[in-house]
Amino acid sequence: MRKFLSGNEAFAEGVRLARPQVISAYPITPQTTVVEALASMVEDGSLACEYLHVESEHTALSAAIGASATGARTFTATSSQGLLYMAECLTYASGGRFPIVMMNANRALALPWNIYGDQRDSLSLLDHGWIQVYAENNQEALDLALMAYAVAEDPRVSLPVMVNVDGFALTHTYESVEVPTADEADAFLPPYRTANKFDFENPVNIGYSAGPDFNRYYQYWHHRDLLAAEAVVEEVEALFAEVFGRAYPGMVDAYLCEDADFVLVTLGSAAGLARDVADELRAQGKRAGVLRIRYLRPMPDAALARALADAAAVGVLEQDISFGGTGTVYANVLASLARAGIARPSANFIGGLGGDDISREAVRGAFARLEALAAGEGASGEVVFLGIEEGEEDQR
Amino acid sequence: MLEFIWHARGGQGAFTAARCLGAAAALSAGAYALAFPTFGPERRGAPMRAFTKIDTAPIGDRSAVHRAAFVIYLDETLVEDGWEDELAPGGLMLLNTKRALDDPRILGIDADGISAAVLGRPIPNTVFLGAIPALTAAVTIEDIHAGICATMPSKLHEKNLRIVDAAFAEVASREIAATRDLVAAEQAATDVTAVLSEKDAMFSLAAEMLVEGEGRDFDVRDC
Amino acid sequence: MTVNARTITDEEFFYGHKACPGCGGALAVRQALKVLGPHAVAALPAGCMSATGFNFPQLAFGNNAMITPFAATAAVLSGIEAGLRAQGAAPEDVTVVGFAGDGGTADIGLQALSGAIDRNDDVLYICYDNEAYMNTGIQKSSLTPFGASTTTTPTGKREHGCLTQKKSLFDIVAAHRIPYAATASVGYLNDFTKKVERARDIKGTRFIHVMAPCPVGWGFPSADMVDVAKEVVDTGLWYLAEYEGPALTGTPGGAFRLNRDPKQFKPIEPYLRRQGRFSADDGADLALIERARDERWSYMRETWG
Amino acid sequence: MSAIASQSRRPFTPTLREGLAVRPSQFARSTCFEAGHLTSVNAGWRSVRPVIDAEQCTLCLNCYMYCPDGTIAKVRDDEGACVAVVVDYDFCKGCGVCAKVCPVPCIAMVDEHAGENEGASETAETLDETSPSAEMGPATEGGAA
């Protein structure tokens, strides 16, 4: 059924269809309407689950961990400082191999205090052993709620998934979304089965400590299985297309990249505008491409190398900055290309911080810079803050 | 792309109207639409804005609207100097007012009066939903009905449908409607003929939704 | 069936652990698990009992058990309980039980504990109190008593150890109107196991705060652990009490009960002097400790009736 | 809740394993492993051992109840009656609590290496009388709290 839904409402529909058995909920803007929508579903009987009103994000994820250790399918959601508040629990969830699905409404980090969208929250926690995926629109958000469980719970993976949904740009923006039926969802996503849980006939110890003698094995297999998620994502998306008739392109979403002279890499809802501008440039005979990263963990190494191998210049537009370094996505993309033996002039565009609009003009400017780099003009490797006027850089 | 900027005070239902319009376009008129509010620490009573974007193709640009074909003021007191900067060329301001205005860029509607006549108190947001199909071909009054039914709680349907019908009749009777239609249509990239063919099917879909899809007004509350 | 030395199960569910010899916390965990039986599901945060019980491949818990983030004992308990309930997959006699130390409960874990009690989740929370962060090597917690030397409240020319009084955790928990809360000491093991048994059979959140002396951190011979755990009660520096909330009593405020109310306390000085941690305390310190004890008992006797 | 597992569960008896019988790819794919899996004894910690005089023992079971390690077990006859208590010297750490709580008293703490090593009693003292400022014993391994 087609509905006009916000990103949060759409995601909640996806969660409902996934039939989680335990939901732990704590509000934070702009995530709040997800847990509100789920509470309404529990109230009206359309969702049967244990709904825990927890007192913090730390408890939200910890309770999800406890529930997952009983073999229950679990869901929680957070944003921004809330994600950081539960940060230590992220490694318990991933190290314990609990396939929790968590929605993160991407939002800026304090200070200055700011409730609007950017991606510093999730990107600063890229190294915590979770699968990270970024939605571009509300339909993808809903569909990812379902696909995330299928990937997370696959025994070859058995890892938590953080589904990132841009704060406000998606979470509070209404658009038309196809909501699958429960029957379709059930055909796609079977109940969760695992051996990684308490067992009353053959009791287990879970989440124990492992010293230097054994620790490396756990880390190694965690890494291996996170890498293995790439193949599982492809399988899951193939099944998804079969059941729902909507196809997704795997680790990355390449647009006009095959013959592109220069490609702008981005993630999340900013990709739509980047494609608009690429279309403009194509109409002018300029070969621009857009590569939207969907999964940032596992790192889409092969897909990036494939899509960017023939581009003469590469830019990364992201709503994030690792202070004193570069944008996190840029650093990851460069490392990925370097490992594939690809060296190209590049630039890093930092925009949309704290809910700032990424304007069409700014995206045009970014492409113009890439066009110049592709033509051998300008310095490579610069970190450009969109919207900081010339001359402002040095003022105190 | 046809864009709308809604001005109101928190709690006046501007975002509900923006959403109804988006639902009308996306669920009934077969177009693509986005609807979103501005958010801030302000609470009930503070000035706020909401946006609706309608297009025949998927909408890539999710950023706020700075210049629109329609700029709608639910509250007359919010109009400030420089308001015309928000109007796209040929655009129109829709203003909730009892006054007669002679500025051709402004269409005054007594939205408080029209809504009070039905509801017994002035809740002007849906009056403007009725005005819009009289001014652009992008959505019809039937689309607006479907949008309201898909977005509002069912107990509010009957009265709001009456309001939009009254508003539609009122605005359609004005001379301005005929002239604006051309200008606004120019603004709209919407292919009306393509849209019309899908309408009937979409309408019945939307009508189904009023049973379970009871929307609610988020406005500025969620901070 | 009342649990006692004759009737308690022969099974051991906390065995082969690497706790220090004479560990009061280990005794509390061991006995609680025996009372709760094979279907207990235990959660332990970072702390002595998890550090010494969960060293892969040496896993000392014989029942289902898991480690939690430090602040998250009660949170994980809530999740376990909700998960089991959602699936209807647990035996009738399951008890979801947490074991956290004084720091893990009264300091970093207090928020999660408060949340679980607020939700009245059907879990049993046992705080084994060894009066400092022993796992990291004896640092002050909010349950460290006045005058006790720790590595972060060192004894020197200016100060004689911890300058704050022990936080009244039991009162804090009872103020939530929890169905059942109790204090205990491993020195009075029958009293403790009875309370665990009582708690086991009550629905909703239950809390037991059990004094569990630490020979290393307190500075006494390991063989004396049970003696010390008795003496802290006999001197009145710890008390054995119960609280039953409105759910059990039917009264709005619930009811407190002192399980032991001695006419006369044993002198505190021998108790303090047998422990290294109080060795620097002088007469004035002892007077302060005694006065705080007397005030506490006056409060309990007067307000608890 | 169902009553599954009430009958089918094996009674838990701690037993010592010969190391780890599984490959890393089997155990390291989650942190979930057989409960009560013991691969090393604690006997090496001990410098004195409890020796129970069965003749004098009244079977009060104080030692059994108060042992922090649970290493004192009941011995039962064919009818299930408790007829004696025994110490599991694989896991007894020699803390001496049992001897102290024995009312008879009939438990003697005997030098583990009596006659073998004259330095043994010194080790016992170090273990037992550590002051708060002294370095931590084995229990501190495992790092941060």
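Note that the chains are named A, B, C and D in the order they appear, and that numbering of residues resets to 1 at the start of each chain.
The rule we apply is simple: a residue touches a chain if its C-beta (ideal position, glycine included) is under 8 Å from a C-beta of that chain, and two chains touch if they have at least 3 such contacts.
All figures in this text were calculated on a predicted structure; none of them were measured in a lab.
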| item | value |
| --- | --- |
| Top chain pair, ranked by number of contacting C-beta pairs | C-D |
| Computed distance of Cα centres, subunit B from subunit A, in Å | 33 |
| Geometric centre distance via CA averages, subunit D-subunit C, whole Å | 22 |
| Subunit A and subunit C: spacing of chain centres that average the CA atoms, whole Å | 42 |
| Chain centre separation in whole Å, for subunit C relative to subunit B (CA means) | 63 |
| In subunit C, residues with contacts to at least two other chains | 38-39, 51, 55-57, 59, 61-65, 70, 84-85, 89-91, 94 |
| Overlap residues in subunit B, where contacts from two or more other chains coincide | none |
| In subunit A, residues with contacts to at least two other chains | 200, 203-210, 214 |
| Which pairs of chains touch, using the document's own definition | A-B, A-C, A-D, C-D |
| Interface residues, subunit D side, partner subunit A - complex | 4-5, 8-9, 12, 24-25, 27-37, 142 |
| Parts of subunit A lying in touch with subunit B, wherever the complex brings them together | 1-4, 6, 29-30, 32-33, 115-116, 168-170, 172-176, 269, 271-276, 357-360 |
| Footprint of subunit C on subunit D - complex, ascending | 1-6, 9, 11-14, 16-17, 19-20, 27, 31, 33-42, 45-46, 60-62, 64-71, 73-74, 76, 82, 91, 93-97, 99-101, 109, 127-134, 136-145 |
| Subunit B residues touching subunit A - in the complex, by the definition given at the top | 19, 22-23, 26-27, 32-37, 39, 41, 58-64, 147, 150-151, 202, 205, 208-209, 213, 218, 222-223 |
| Interfacial residue positions of subunit A with respect to subunit D in the complex | 95-97, 158, 195-197, 200-210, 214, 217-218, 220-221, 225 |
